[in-house]
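Just so it is clear, A, B and C label the chains in written order, and each chain counts residues from 1 on its own.
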Amino acid sequence: MASLQDLPGARGRYAIFGRVFLYAILLLFAAYYLLPLGVMVSTSLKSAAELRSGSLISLPRDFSFEAWGFAWNKANVGVNATGLAPYFWNSVVMVVPSVLISTFMGALNGYALTKWKFPGANLLFALILFGSFIPFQLVLLPMSLTLGFLGLAGTTAGLVLVHVVYGLAFTTLFFRNYYTSIPDDLVKAATIDGAGFFQIFFKIMLPISTPIMVVSIIWQFTQIWNDFLFGASFSSGASAPITVALNNLVNTTTGVKQHNVDMAAAIIAALPTLIVYVLAGKYFVRGLTAGSVKG
Amino acid sequence: MATLTIKNVQKRYGTVAVLKGIDLELHDGEFLVLLGPSGCGKSTLLNMIAGLDTITDGAIEIDGRVINDIHPKDRDIAMVFQSYALYPNMSVARNIAFGLEMRGMNKPDREVAVKKVAALLQMEHLLDRKPAQLSGGQRQRVAMGRALVRDPKVFLFDEPLSNLDAKLRVDMRTEIKKLHQRLGTTIVYVTHDQIEAMTLATRIAIMKEGVVQQFAPPQEVYEQPANIYVASFIGSPAMNFIPAQIVSEADRIGVRIEGAQGASVLPLPAPSAAVLKKVGHDVILGVRPETIARYQHGTNLPPNFARFSAQVSVTEPTGADTLTYLALGGRDAIARVPPKEAPNAGEVAEFTVDMARACLFDPKTEQRVG
Amino acid sequence: MQSSLRSSLSRLVVAPTFLLVLVFVYGFILWTAYVSFTGSKMLPSYEWVGIDSYVRLWQYERWHVAITNLFIFGSLFIAICLALGCLLAVMLDQKIRIEGTLRTIYLYPMALSFIVTGTAWKWLLNPGTGVQAFVRDLGFPEFTFDWLINEQFAVYTLVIAAVWQSSGFVMALFLAALRGVDQEIIKAAYLDGASLPRIYWGIVIPSIRPVFLSAIVILAHLAVKSFDLVVALTGGGPGFASDLPANFMYEMAFRRNQINIGAASAMMMLCTVMAIIVPYLYSELRGAKRG
């Protein structure tokens, strides 16, 4: 489309006004999307006193990280004044194994389903894929019974299991679509060269999977870090992930409401995924579109 | 180096027969080209030789050993793929050495082998690069190096040149031929390009719908095509097919065709018994474009040449020759004439045809007669 | 690839995933379906009592509110996201110099947890601290914007926050599709004298119709699953005025010890999602086969 603007006659007398108008609208929307984050950051940097006097979008007069520190290790989360820190680490301990295991299994599935097709492989894939579409409310009750049965109720290990199981549909989808675009000749050549099933996977397929691996890791990381439903349903007290802790902190009814602390806590909870997004937004978008468009 | 025997090999997917009984026998050091359009089964046959596809029925033997149930890596074959199938994550050297590595050869030996092959293909300077850093022609070389390094009994090529541009394709073709002449290995080569088939093969197997139409040396395929399909597949521009009738006139046997000024009879020198049986029947006369020439007035024609006149519809100069379209037997025939002798479009001119090099086909069975 | 050994290796490799999915997706759905026909309260009982819990489910006023809310929330959310996403994508497609930066800004909310989004918007929409207070401070003491605590309007605050979070994603979908439109068609239309808006309205947008379908399905799916946002933004309140089915289910199953009602409402959600997803998946997979 872009090239049309350069064609003769496209730059009419009003074209320049059109461009200005266009940029104005686009920047206005940028402000709309940025405003909540900006307000959050600026509020989190205000002191309690300033918060009462100042207005919503005024910049903090003196930057104070007091609220951040308070949210991190002093704020009341539920009943204990521990701050978010322990829950932050809960989330880290939960996310890392969940992401790695589900990504590895997804890669292996994708490889098997595309390069070593067996009768029914497509049907099997459709069955796995279906799992990503169900409302998870359906599995909450049986899952909590199962976790109890396995002795994993209220543990981080239990949440890892849950996130691996329900992440597999996505990781399998990512890798299957990626490996479909890798020519079968590569596997044939390696077979003639004498490599076996796992040798081909580890020596050839995995080393060329970096792009989709990044997509899968970022997607899983974001999903699992941001999850609330499973965390709220299957964790208890001290084992809660950060989203649950944040919700408890914000909705805690004990003590005076400290909005600057709430905002600081929200930012702390959002920071890991925000950083990943800023650093690797390209892969994040690819995961979003791959994960949802090609159902 | 080895012999390759393919005995009544069949391939069926469910009820669909892809290969309907292929019999081919290759001597040591032969260069077999499997030629045909896409979907004729040539790639399936190659994959079956490689061990990348199962054999429904029949047997494939290398050096007399049946290999039907032997794993590809134990068949002592190497394959060059159309897409080259280079491992993107490995350097050129490692790509070439990978097959040796998988067979447990130690590192110093592998390095020696890689160096030797790299020297043979003149690509020593490429060994440290990744496939993505190579041009199409260089990738092609690496793919061949990967096959060569293993020194297998049989080389398999799956349309190896079709991803290259026209100029490079000709160069690589010559290179493959040189390699074959130097190494004398047994090669099976799949292509849909008749020029590649003609230039490279010691024998060509032309396939159509899972059946070998003709299995013969290139020149024989060209001069004595088994049927209309083979005749039209080989040669560019294609052979002319002119509806005609075998007639007996005075003491001569000839074919009658409709020309510009009514019918003319082209005498057949030394007709075979099969042809004699067809007197009075319709046939298809097959004439290669280069066997038609402009008639020079006052020259004496050798006995196997026949004369006829026809109207010229279009001329297409190609530089070396001028392709001249003649109205013959109700359709266009093409003559390949030297530019100096080329007539003008619209002109009615006299031509000669070398009947010793003409073919006759049965219009119903499309098989060659005699 | 044939070799039977490898083919069975392949099956073996997929088997763990298959078993997990079989148990944790299909098995669990069957379990929930069965339990919805029992009289389970605090603990699951496996005694079949028929459709009793469905009958009772539909007698709950709270369930009717949740369903109505889902309808209001879902349709507004989808419509606004589509309109906004499409508009932004078309505007960004005009050779904008800072396109990369703008795209990043429009899309970043998608990387946030709904709990974070909810917390931020809760504060912005809170009459005492947010927009209302801000405008009043500017000198409009009569200004009122109290949807968050207004029974009738609380559900619309969900729309505001959800649109903010997801419209950038729709923009990204559309932008990718716009980039995929055959440029020659556009040039041909331009040579025929069509104006830029006409080209978009008449040619480009219709040609990316499949993306609209995908976007609608994804958004609808998001809407049905919405749970976190309600918890963080309105807590379902005031009262239960802004409950969605997902919250209703959670409330019944985990807070009120009405497991059978929770299961029945989850089954209703499944039916809703299936009604959206199955025709879509069917057409997608068929399309994939053709391609």
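The definition used in the following text is that a contact is a pair of C-beta atoms (placed from the backbone, for glycine too) under 8 Å apart; a residue touches a chain by one contact, two chains touch by 3 or more.
Here the structure is a predicted model, which means the values were calculated and not measured.
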Would you mind checking which chain's C-alpha centre is most distant from the centre of chain A? B
Between A-B and A-C, more contacting C-beta pairs sit at A-C
For chain B and chain C, what's the span in angstrom between their mean Cα positions? 59
Between chain A and chain B, tell me the centre distance in angstrom, where each centre is the average of that chain's C-alpha atoms. 57
Roughly how far is chain A from chain C, centre to centre by C-alpha average, rounded to an integer in Å? 16
Going by residue number, chain C touches two or more other chains at 1
So which stretches of chain A touch two or more other chains? 188, 191
For chain B, which residues are shared contacts with two or more other chains? 52
Which residues, counting only chain C, touch chain A once they are in their complex? 1, 6-11, 13-14, 16-18, 20-21, 24-29, 31-32, 35, 44, 88, 91-96, 102, 104-117, 119-124, 129-131, 133-134, 137, 164, 168-169, 172-173, 176, 178, 181, 183, 186-187, 190, 196, 204, 211, 214, 217-218, 221, 224-225, 227-228, 231-232, 235, 245-246, 249-250, 253-254, 259, 262-263, 265-267, 269-270, 273, 277, 280-281, 284-285, 288
Contacting residues of chain A [partner chain B, same complex]: 183, 185-186, 188-195, 199, 203-204, 207-208
Within the complex, chain A is touched by chain B residues 47, 50-52, 72-73, 77-79, 81-85, 87-90, 98-99, 102-103, 146
Touch list for chain A against partner chain C, complex: 1-5, 7, 22-23, 25-26, 29-30, 32-34, 36-37, 39-40, 43, 55-57, 105, 108-109, 111-113, 115-118, 121, 124, 126-131, 133-143, 145-146, 164-166, 168-169, 172, 184, 187-188, 191, 196-197, 222, 225-229, 232-233, 243, 246-247, 250-251, 259, 262-263, 265-267, 269-270, 273-274, 276-278, 281, 284-285, 288-289, 292-295
